[in-house]
Each structure stands twice: as C-alpha cells, then as structure tokens.
Amino acid sequence: METPFTHLDDEGRLRMVDVSDKEPTRRSAQASCVVRSRVDVNSLPAGPGGLDPVFAARLAGIQAAKRTSQLIPLCHPINLNDVQVEVTSDSDGVLVRSSVVTVHRTGVEMEALTACAFAALSLLNALTAHDAQARFEDLVIERKSGGKSGDWGRQVAPEAAAREGT
Amino acid sequence: METPFTHLDDEGRLRMVDVSDKEPTRRSAQASCVVRSRVDVNSLPAGPGGLDPVFAARLAGIQAAKRTSQLIPLCHPINLNDVQVEVTSDSDGVLVRSSVVTVHRTGVEMEALTACAFAALSLLNALTAHDAQARFEDLVIERKSGGKSGDWGRQVAPEAAAREGT
Amino acid sequence: METPFTHLDDEGRLRMVDVSDKEPTRRSAQASCVVRSRVDVNSLPAGPGGLDPVFAARLAGIQAAKRTSQLIPLCHPINLNDVQVEVTSDSDGVLVRSSVVTVHRTGVEMEALTACAFAALSLLNALTAHDAQARFEDLVIERKSGGKSGDWGRQVAPEAAAREGT
Amino acid sequence: METPFTHLDDEGRLRMVDVSDKEPTRRSAQASCVVRSRVDVNSLPAGPGGLDPVFAARLAGIQAAKRTSQLIPLCHPINLNDVQVEVTSDSDGVLVRSSVVTVHRTGVEMEALTACAFAALSLLNALTAHDAQARFEDLVIERKSGGKSGDWGRQVAPEAAAREGT
Amino acid sequence: METPFTHLDDEGRLRMVDVSDKEPTRRSAQASCVVRSRVDVNSLPAGPGGLDPVFAARLAGIQAAKRTSQLIPLCHPINLNDVQVEVTSDSDGVLVRSSVVTVHRTGVEMEALTACAFAALSLLNALTAHDAQARFEDLVIERKSGGKSGDWGRQVAPEAAAREGT
Amino acid sequence: METPFTHLDDEGRLRMVDVSDKEPTRRSAQASCVVRSRVDVNSLPAGPGGLDPVFAARLAGIQAAKRTSQLIPLCHPINLNDVQVEVTSDSDGVLVRSSVVTVHRTGVEMEALTACAFAALSLLNALTAHDAQARFEDLVIERKSGGKSGDWGRQVAPEAAAREGT
C-alpha cells in the first residue's frame, strides 16, 4: 500500500474526506496518457488553423481540470493555481502530459488525470473523423509532490522512460 | 478513411459542423475502456456501502456524458435519450462499457467515450488511494449505429473478443 | 401504483430509461412548496429593490429547472419550452408554485420540483438572515399532463384546496 | 432576531456581502429534511443495485452542495472541505441529513440546505415512479458552528428530537 | 417597433415565453463586436502558439454560446446545430463575428451575442496584459433569419458597411 | 506597457500562469459598459415586476462573474468575496458598472468585465424585443487595486468622467 485510504471512512465506506485539519501547502501532480491512431495528428490539413486540433485539446484539458470536482463525485473543489497541458507526437503516438498546481489542503492528482483525459478526448474528436479506431491508452499519474505523503513518482519501465525522454 | 472528415471545413480547418440539414434519426454508440490496478475493486471493504466505488463510477459516467458538449469544444449539445454505464471486473482488470442513445442530427460517439472516461476516472479516484499506479487503458469506440455512415463496429483481436464475451 | 416504474429496469435496478421510442408530445408539470418563517417576506425593507428576494427566488427557480438533468443523476436533458415560478404569501406562509412545459419524450415533473426547491432555497437565503428557523415544507407535484400516463392531479385536502384558491 | 441581516445592505437592498474583512475560520452546518411516501424506499427491488436510490441521492446531494453558489444568486463560491449526506428511513418516512464543513470567510448553511434538498429530489425521482404523491418536507437548518455569530442549534419539539435520536 | 415583445407577458411583466406552439424551423443569427487596443493582436509574439489568443477566443465564444440559457435567465435551452466565430483584425481594431444556427422553436440572437461577447472577453484577457485600456465595443445583432418575424438585417452606416466588406 | 505579460510564457506562448508564489492579498476591480437603445429601459411597462429587466440583469452579471474561469480558458478559479452590479440610465443610455473583490493570488479584472458583459447581455435580451438595434458599447476596466502592480485607474476623457459623475 503506497498511499493512505483517503476516500474510505473507518468502516470502509466510500466518502468525501474532511480536509479542514490539513494545512494548505503547495501541491502538484503530473499525469500522462497516449493517443494512438493510424493518422498522425500533425498530418491533418494545415490551412489557417492547422494547429487547431492540438490547441483545442490543450484548452479542453485546462477547462476540464477546473471542473474536476463537479465531475468526480468525491473530489473537493480546489482553486487551481496552474494547469498546463502539453501535446507532443512521434511515430509511436501522441503523448499528452498535464501538470497541475495548487496551494490547498488536498492533492491534485485527479485534476491532472482529468486534464489529460479531456485533452485526449478532444484529440479523439478530431481523429475519429479519419480513423474510427483511434484510442487513448495508459492514463496514469506520473508524479506528485506536497502533502503529508510527500513526493512520489511512478516507476517506469525502461522503454517508457525512453519514450518520455527521462 | 472509414468516416467522413466531419470536423474539418473545406479548407481543412477544425470547426463545428452545421448539422441542420441532417434528419434527426436514432443513433447509438458504445465505448469501452479498462482500468488496471493491483487492487481488485471488488476487494474494497464491503461495509454498508461496499458497492459504492462502482456505483459512484457509473453515475459519474452518466453525468459526464450529459455534459460532453460543454467539455469538448466542437461537440454539439444533444438531448441524450439514454446513457448506460456498466462496470465488470475479472482477474485481468475492470472493464467499463458505456452505451448512449439519442434521436438527433449527429452521432453520440464522443458522449459514449466521455461516459467511459469519467466512470474510469471515478474508479481511479477510489483505487489510487490503494495503488498509485492504477491506470486506465484502451478507451475506444466499440460500435455505433445510425446516421448516414450507418452501422460500424470495430474489429477486435480474438483475445479482446473473448474478453468481452462476444 | 399510480405510475409506471420508469426508473427501474426489469431486474429492479435503478437506471436511466431509454425514451427513444416515445413520441415527442407536449408535456407539462406543476409543483408547489411552502416556505414558513416568523418573518413575512413582504415585510423585508422596501428600498429601491424591495421586491428583490421574491424576484431573485423566481429567477433562481427558473435557472435551476434548466439544469435539472445535471443535478439529478437519472434525469434526461430536456429543452424546456417554458418555466414559470410564482411566489405569493399570506399569513400562513409563502407559497411557491412552478409550471414547466416541454415538447419531448419524457415528462417534466422533476424540473417542476427543482424549480420550486430552488426558489424556496433562495427565499431561505434571504429569510434565514432574520429567522434561522425558516424552513420549507411540502414540496410536491401538483399536476402533470401529457405522455402515455396522461393527465394527473393530486388529491388535495379541502383546506389545501382553499389555500390554492381552487 | 437571531442572526444578522447578512444579505441586506444599509438601505435594505438584497445584495451580495463583501466578506473580505472576515477571517477564514472553520465553519460547519447541518441541515435535514424528511421525504414521505406510501412506498418505503427500502422496499424497492433489491437486485444487484438495490441500494442505488439511496446512494444516488447521497451523491446528488454532495454534488449539488458544491454548486450552491451557481444556483443561489447571492451565495459566495466556497471551497467545501467536506460534505456528508446520510439517508435513514423508518415507518415515519425517510430522513435526509447533511453536514458541510469549510474553512472560509462565510458560513455554509445554504450549502447544507442545498445538499439535503437535492438528495431529497433525487429520492423523489425514484419514489414518484411508485407514488406520485411522494413529497419532501421540513427542510431546515439543524445546527451551525463557527463565524462571528458562533454556534447555533435549532430548538426542536420533543417528538422531533425523538425522531432524530437526540 | 420592429420585433414583438417576446419576453413580456400581457401585464408587462418580464417572463420566459412558452414556445411550445411554435413550429421548429431553421433559424440563424449573426452578431458582431469590435475589440480596440493600442496593441495589434497579430503582433503578439509568434512562437509555437502565436495564433493562440485568437484561437482561444474563437473556442471561448463557441463554448459560451452553448451555455447561453444558463447565463441569461430568460433564454430557452436550445440544441445549437452550428456555432462559428471569426476574428479578423485591421488597423482599426479586431472584428469579432459570430454565426449561430438551430432548428428550434425560438431564435438564436442571444446565442450569437453571447458568442461574440465571450470571444471578445477572451481577447481582452490576452490584450489587457499589454494594454489595460483595451476595450470592446459595439456588440450588436447583424442579421437573423427564420421564425415568424422572418429575416432581418440591421441598417448599417456606410463606413460600417465598408468595414464589414458588404 | 502598463501591465506585465501575465498570460504569456517566456517564449511568447499564451498559457495559464502559475500564481502559487504570489501572496493572497485583497484585490478589487471595477468595470463598466453602456447599453444603447431607442427604448429607455425605465419605460418598459411597470406592472408588478416593472423593475425586472434591470434586476434580472444585475443577477445575471453576478452569476456570470462567479463562472468566469469556466468561460475564459486561461482564467484561474477564484472564490469571489463580493460582486456588485449597478445599472443606471439617463438619456444617453444605460450605464452598467460592476465591482468585484477577492482575497487571492491573482486579480479580478476579467471577473469584473464578465459581470458587466452579462448584465448588458441580459438587458439586450429584454431590449431587443423592442429595438433590434440595441447594442452594448465600451466594455472596459475602470479601476483595479491590489497585487504587485498596485492600483490603477483608466484615464477618462472629460465627457466620460462627467457621465460617471466623477
């Protein structure tokens, strides 16, 4: 068990957790996922708005992150201080990475996951017009910092580490 | 190319598509994804609300599907007639499946994807308390019906077909 | 049993109901509730905005009705054609009445209840500043029309009928 | 007058109140209401999701509480630290109780009322399928703590006190 | 009087209007406004996202149009079939134009105005970083079509007509 | 250049700005705009709700201000401590003024602009029923205070100053 059971009460019941006694501290989280398609997102017609699918995806991810608590029942409303969504692509697929920061009493892992998920959904919205089998994969928390449980980074297999350039 | 470029105009620019000239017809879409974790969602403490994580996930998926157009910039607002989200699990992971139905001028593939994505995010919200490496994978459109492009089902590899019991 | 089990499937499981096979017809619903307080809402200081608490309540009810499906998990999104909220008061309390109309495949009872509930909550927001024991009571569907189950009106006790002037 | 006129300005005009000069302190509020129906919510078919109506109601209440400021015009946006909604039933009806906590410059009474109201509306959504005369009653603030006006609990009649087991 | 009093009842009271008896027909509306600033939006640093402020503005306008009924109290919820927002600039300022289409029982003038207003607000969000006196001006309906009152276009002064290239 | 490039990163790319390192301080902003129409908003039929268009506009502005971050992609979510919207009219038009206050890490200029814009849009919703050429003009930041850049007020031409009675 790497992390505390933060959404279960003493009787094992899913519940919102009262975070009033926690101190507001700086907390951040990064997440990532991969969009795979036979179509390269960069090959979409360039025109005057050729970068649009990627940019629309980044904005969709930012906006969705702000609404995480409205969409995930047990998440706390949080005033996010920063949300970044990056989209890069290579022959292996499109890598979506998010980073979320707050100064609050609870972490922002779900916000980082939500940002990635919605950026990826927005990319699928463009790609499925060309490739109905486009999919997104491997949505996962990459790193988090702050809070009582401190910093944490996931252990990545060597090939994945290479993929991320770390 | 299996599907028309429905979100690109003649100059290749991403845009919302005017669907006024399409006839309202019955349209449906199914999507799926898989949540993988070292923790079996069914092993979460039973208590009075032991099924809660799964049920919360199903409701989160339904509620998110209704808001797809608010979250994905180029999706049309649609009055959904039905949204179902099923969550089943076996030793291989948790399978999330959604089905969305409308009678409208445009399809509901994005709504089905959104329902799955948010049910899975809600499951991650419970599972990451136990296993920070929990992830979700393989969000994809399974089938759609209705509209000018007609019925479509993705070709699944034999093992995946077995997984879904088809 | 006066009405069908519209939110339960054949196995008794709560679910959203596919309304695709229903014809869109005109449907309406009326609901009501009562706000009781030691303070008469009409005695609030008149000033330039003396009618404000009542008017704010009417608008809050209208706006909430439009979002019913976002707030009640199994409600269908519906394009409401009309929402009216009336607030009247006498020595017995403040009567809030709502009326909602649509042309759609499902009824608008929940929308009418939601309109009343939020108008009443908004009134409580003003009244609890004076009387912390202000409360709202008796939120109930008064009448509905349209749909397969046809017209329906609740049987009211004589004193309640008198109260509503019917 | 038990509480200050917090939503009226010096000229008696309804307005939002600037809370910038108040110190953020821990504040909580509890509210309750009763749902009455000829049908016992616990007698709804059990099936795989037999507890669903109650659980859906609890989640609906939690989610609505987070949006109170969007629905009640003069409420301040607040980052809620905890929202609990309990649903219990006996022969007399279904008792819905909410508890909301924040550390902020203003109280959370409206949030507690909203949580109860939407949990009850969600229950009505299930019950009116069986009993169109189902209603909810007696939505009221039970207790609040924190802030300049300090702790407060409503005076309950003996039978109501018995009902709540206090 | 060019248009009917569609938001006033027979007693002159502002209200939502029941549109159930109107036939759903194709309706469109165009609106425009101008953003004026000492800074040319096209002179913002080009970089990898040099078109971003304009593109973000277009998406903000599209997303806001979909929520018009949530923001303007007496607007009906409408399933928009198309929303386009164009941003062009010359030495005189930045011209924002919107076009909205639906097939529904009521017009989309407010949706077109809302799309322009939010695209302009999003531009101001970028421009005020450089020029705190940036402003937007002249938000107005340009044209509408459909509905009982039929087609309508505003009479423009010659210089404005020249500006719009008509 | 009067204000820092707060929404552009070092490479000139539009982005959300991490405000975690800023101290929460009291910040306020005022904005204004003018609605012009051949119809005086005060001449609208008086009836029982004769002030309604103005009051609905004030509430619409307050509610929209609370949602600024959901509507403007790069705005931070902020818990507003106060939102005031005033509507006054003379022979020259209707002046809408907003004032927004928070204690937070970033300013509230966009919130003040959004409040004005939506109050004005709501007025247009009433006025265009009489005068389709009604428009709103001159949405601009009037003053702001707090934050590192300190207090700022726009320089107004003498006639505008007279208009505002300053």
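Chains: A, B, C, D, E and F, in written order; residue numbering restarts at 1 for each.
Please note the rule applied: a residue touches a chain if its C-beta (ideal position, glycine included) is under 8 Å from a C-beta of that chain, and two chains touch if they have at least 3 such contacts.
Predicted model only: the values in this text are computed from it and were never measured.
Colleague: Tell me, which chains sit next to both subunit B and subunit F?
Modeller: Under the touch definition, subunit B and subunit F have A, C, D, E as mutual neighbours.
Colleague: Along touching chains only, what is the step distance from subunit B to subunit E?
Modeller: Minimum number of steps from subunit B to subunit E: 1.
Colleague: If more than half of the interface residue numbers appear on both sides, call it same; otherwise different. Which is it for subunit A and subunit D?
Modeller: Subunit A and subunit D contact each other through largely non-matching residue numbers.
Colleague: When the contact pairs of B-E are compared by residue number, which of B-C, A-B or C-F has over half in common?
Modeller: Match found for B-E within B-C, A-B or C-F: B-C.
Colleague: Which chain's mean C-alpha position is the greatest distance from subunit E's?
Modeller: In terms of C-alpha centroids, the chain at the greatest distance from subunit E is D.
Colleague: Suppose chain centres are the mean of their C-alpha atoms. Which chain sits farthest from subunit C?
Modeller: A
Colleague: For subunit A versus subunit E, what separation do you get between their C-alpha means, in angstrom?
Modeller: Between these chains, centre-to-centre, one finds 33 Å.
Colleague: What is the distance, in whole Å, between the centres of subunit E and subunit F, each centre taken as the mean of its C-alpha atoms?
Modeller: 17
Colleague: Taking each chain's centre as the mean of its CA atoms, how far is subunit A from subunit C in angstrom?
Modeller: Here subunit A and subunit C have centroids separated by 39 Å.
Colleague: What parts of subunit B, by residue number, touch at least two of the other chains?
Modeller: 49, 52, 56, 59, 63, 67, 73-74, 78-79 - these are the residues of subunit B that touch more than one other chain.
Colleague: Treating touching as the only link between chains, describe the layout with one word: line, ring, star, complete or other.
Modeller: other
Colleague: Would you mind giving me the full set of chain pairs in touch?
Modeller: Pairs of chains that touch one another: A-B, A-D, A-E, A-F, B-C, B-D, B-E, C-D, C-E, C-F, D-F, E-F.
Colleague: Hey, which residues of subunit B end up touching subunit E in the complex?
Modeller: Those in contact with subunit E are residues 15-20, 69-70, 73-74, 76-79, 104-105.
Colleague: Going by the contact rule at the top, pick out the subunit C residues touching subunit E in the complex.
Modeller: Those in contact with subunit E are residues 26, 59, 62-63, 66-67, 78-84, 101-103.
Colleague: Which subunit C residues qualify as touching subunit F in the complex?
Modeller: 49, 51-52, 55-56, 59, 63
Colleague: Write out the stretch or stretches of subunit B touching subunit A in their complex.
Modeller: Residues of subunit B touching subunit A: 1-8, 11-14, 44-50, 52-53, 56, 59-60, 63-64, 67, 71-75, 109-110, 113-114, 117-118, 120-122, 124-126, 128-141, 152, 154-155.
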